[in-house]
């Protein structure tokens, strides 16, 4: 397939230079279904990016679409601030019954503004309020969002520089395996906490991703996460898991931390929580932390009711039993096999991942970009991540068929070969 | 009409204590159309709050609803990051043709995350980057959002305290009429800027609302806004108008600053820009300020395409000619007449406003809450604002009929009388 | 008298460009006595600067000199950290008997590092610790020192820029008469404190100079100071008077705030407290504020015992009775008369002052520098102050004779005439 | 010898609770000579603390005393701001001839306020100004001073808490041997600098002590210092050596970094630079860094001329040849032998040091305090350091005789035995 770059005039003349994905994927997309998008010229693309993890159930999933149209047709509340609505109640009950109760998770549910960064901002505020301390520890190559609170715990130097002010109150610690196993876990962090002369401001909380997506698909081991939870308990710090990209089944279980058997104090969810790509986010926390005053954090669109409708439908359709989790693990094995074969032929690459999130790291960062560029020409949407964009990131919808997955992986193999 | 408070069980047991509006309006809402909501018991409510200004065209506006359902039905892109899509192109072209070009406004358009606070965060980042300074001046009783960057330029002490860190890099200045006309405009601000010994960190920008909604419906005069623009030019500071609540026709013209004849350097829009209550926001700026690097600010849901569809439909339907603006001014006169009559009978109250945003301030703050509580019992949704919640805020949909408006205003009059 | 600029070689080649006074006074000084300095070429200079207020009793005052030499001769402790010494005890007892008790001042005494900025740092730390708040209010054109804590409450933009980090946690308010009496005192400050929506972080303390020396000899009225004290009490903020330059008798009474009849919560002293120009500083505070833990603030040279010796001698010699205060007021009248005459002839100048600190402000800042330059040529040491160095500052030793004072004032008059 | 605790009344009633050393040494000291102090009851104390390193040439050193008295007698300038004086010139020339030139050090000399923390503040300001970055890296258990700028790069949690504001813009890194050699030097630091996703704000400078005095006598190896210098060069960061306590011969050479063969970009000196315990400090830097504007940093007592006189005399008397350095090393060997013997008998203690600064660390921190308390009873002044005050610190005057040193070491041995 050959793609003719369309005239992007209004995007180039009117939209800000800040736009990014559209530069690597110079098409004007029009429709989408499942794992496929179609541009206005009728070209079809297989989606291995899934809205950066926002489309775990595929584009315009028919089950959710039906529920959404029904709701709109019947003039259900669209914009509800934080008013009680029947749609919100249905979501809350479903979330409790399908997600929280079976996992024995005691969380209260907060609806921040419907974006990931807003969920993180609310989590950080709450942790600081509960502990009465300003400092928060994050990890190397973390990504938590672009508003000032979230950006201060984000690692990327380029994004941090955009703040325009010195970002403070956050201290980075080495993520799992940062030194390839040569340094004991938490050696530095724990020593700083225990040494009264270390100069570390005692943190209110630690914020962590179980798998760092933007940071380069860095996978934390279950024992590392457990040790982190124990360290937090021992040192009176709250543990925040930012499950915005890795939650909602991306790694297998609904929450990415289930596998490790930990129960974070605070959890943020967004991206795929609405299931349909509609803006929505949640901040979950243990009941004893719920010391918010009414309205102490708010947001105009926190009651995005159409998203509640698709969210409840997605939970009902996909999480009432364990099929999705099982299928994600199987699809993950399929990816792993393919990457094993690709890397066997390509010694400058290595791969890692969990569930349906995988990364292929190239020694030469330019190679990763070249692979993605070639993939686009061949109708496959792939993106890079990592501090130098050196990692090709695989994030297909969880609902992708084995055939589609196989097709995409074969295209990837071809791209790797052709860019050698 | 008498409302029986419903059993709010799951809201009370599962949702965080942070919830607020639902406490003053103890109903479970189910459907809505135009200026009316219906709860699950079939009670009807007249909406004088309009989603805090997010529903300028009423709930589930039929014209927008049609466009939205058509788009969803045909599997248009739902979640598009910042990819080029046909829906985004249609919005951009419409925004340029219907809004920017007729007003001779040169702005570039940025899509931040789809909430107001995210638009403000991007505006502040850009201003700081352009000027290379950290400090931003805001005004007394300003409200710009709840993430850390926006919160630092927000006035409310209760909301600021929620930050959990000292909020810095912002300095408040007196808003128009803060001293009831006894002090010359900008006396203090200008003197601080000119005095090399004043201790003010030179600001990168000034952020202002033309009418402070959350701050108590404080209306800046056109000449004050013009003088502010001149001060910004003279002192090499960028002027940011936060038009999130007052833009999209709320005060008459599409932008609230049109009447003053000023052209801010940066403008933020959100709330009613999608027209249908869907999350969406824009940051507009003069082309010479567009020094963003690709991806220097981003957000997962910045390409909320269903919102682009309703936004374009709303612009086409309501802004291709000047009818809405004319009608808003007429409806505003209707409100003004009614408030004049109410305040003639109630000497402890005074009112102010512009277009279709009005406030009634009571000497006793408790009275404002009592009026809203009684209004709810009578089926009218009203909220307070102001630093002590001493102002009853009128924010009906722009599309409200004169009859509905009259009905609500009569109910308001009754509430004022009955709470005396 | 004509001065030949000496070869300043080692100063120019080895000392940093940061040096300043030596540029305006290009002589190499060798000896000094009372109000006169002598350079290495034998030229004599009359000192109207007095070490920026550090030499209230003149250079090498014979009474203090005797005590100092005796102490050194007998091998009294020179460096004592915060150990108890007989010299420190003598100072403490004298300070209590001569200064605190007769004025009924209840202060505890702290010895910070022996510089003014260190005293201010300790005052700010203590205020923040006591109140548990970060913010401190200072005034336009305040000067409190050059270390980061003090610099954040200092007004001068040039000096602030030297910090290299954004200075935060301080907010400037208008000093007395900042708007020439056109705005009621504390209108803005009080309104910000009372308005819960003002955006002002509630301050722990207010720091003020009764006469701003570096800021341009701005004299606060007694009623303004009293109103400030009342405002602090009403709003639960500590009142810190920085009496480093204006204390030790400069304005008449030992403390410059005595005349206003106020009792600040915290007072900083330095400059002339040792009397002999030796480094020493004190931080005084009400006993109930003394919540310091042992060693929570310290400093290597806080026990500069030779300074304790001269300090005690100075208090004994000059403050056991009211003669100095009386004499300072008389000398002040002499200055006032002379300035009145000078300004009668020079309409672009105006003057102000109290006790023996006076300023002459010129419309054209260059004129003030020209006056000082000419004065140096004529053997008179004068310096400028104010945000644009537009004020000629008169700060002669308190012990100056009427003849010397007259001589200097006549020279000043001549300089004003000759620079017209 | 038995000491009767004297009545400390005025210290207890008038002086602030912040006082500390006087609590451990409950005597009122009166006179001192060389390594001995005498209290008012005539008891004599051997000084192994030397004014925290401010009295390297002993108390009231007769050579310096003579020069000082002569200067005072002849009415030399006492207080000179930053005016050129004959005393300052003599110091500058001596410093250049005796210290800088023989060591081929190119430094410019700045006179900050005459305390260590002021020197550090000026060093940090300059580094930030030169590099245009806010962040500075310090090390675990560093001590740099108590004003806000210095405190932000100081490790001790108790002292940091005294700031009353969150201390930011500083990041601690592990000092040499922090992990007992199990982790490669600078592994974490270098990785953070190289990883664009690490979250570390790029530092303007690194500030380090070659031997951490307050931190517990932690001795950096020469190769570690060299590697640090190389890292700074490679990463475009300035290297600041804080030589306030370890400079002026404490470790052997005049500068403590000479042995490592490095040339820091900026050096701070204070404590023993005046030689006589008089307040004085210097900030030295490479000429190309001297971008200060005149007066951009200043301080009332930066021209403490009596200190210049004793400083020049000390340099002349002790540094014109290499005898002091040689002698310090010999005395250091004497200490090392004694500590070796003591620790051979006391397995819970270990020791470390360089030149004439040594520490004995006890497993049980209370033991270190007990040793010091017993030492005081026996007429020996000893202090603890380290994050838990677990290290007994030996800091005798460099001019101590072998007999005095032996006496003190025997007393120390006795104290260790008697507190077992």
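Every chain is named by a letter (A, B, C and D) in the order it is written, and numbering of its residues begins at 1.
What we mean here is this: contacts are C-beta pairs under 8 Å (C-beta built on N, C-alpha and C of every residue); 3 or more make two chains touch, one makes a residue touch a chain.
To keep track of the chains, here are their UniProt names: A, B, C, D = Diaminobutyrate--2-oxoglutarate transaminase.
Everything numeric in this text was worked out from a predicted model, so none of it was measured.
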| item | value |
| --- | --- |
| Interface numbering overlap (same over half, different under half) for chain A and chain D | same |
| Pair joined by the larger number of C-beta contacts - B-D, A-B | A-B |
| Remotest chain, chain D as reference, centres from CA atoms | B |
| CA centroid of chain A to CA centroid of chain D, Å | 50 |
| Approximate Å spacing (C-alpha centroids) for the pair chain B, chain D | 58 |
| Chain A-chain B separation of Cα centroids, rounded to whole Å | 30 |
| Where chain C touches two or more other chains, by residue | 134, 158, 165-166, 169 |
| Of all residues in chain C, those that touch chain D in their complex | 6, 8, 10-11, 14-23, 25-33, 37, 40, 51-52, 54-55, 59-60, 65, 68-69, 72-86, 88-89, 92-93, 95-96, 108-111, 113-118, 121-122, 124-125, 127-129, 134, 145-150, 152, 158-159, 162-166, 169, 204, 244, 270-271, 276-279, 283, 285, 290-301, 304, 306 |
| Of chain D, residues touching chain B in the complex | 165-166 |
| Residue ranges of chain C in contact with chain B within the complex | 134-135, 138-142, 153-158, 160, 166-172, 174, 178-179, 183, 187-188, 191-192, 195-202, 215-216, 386-388 |
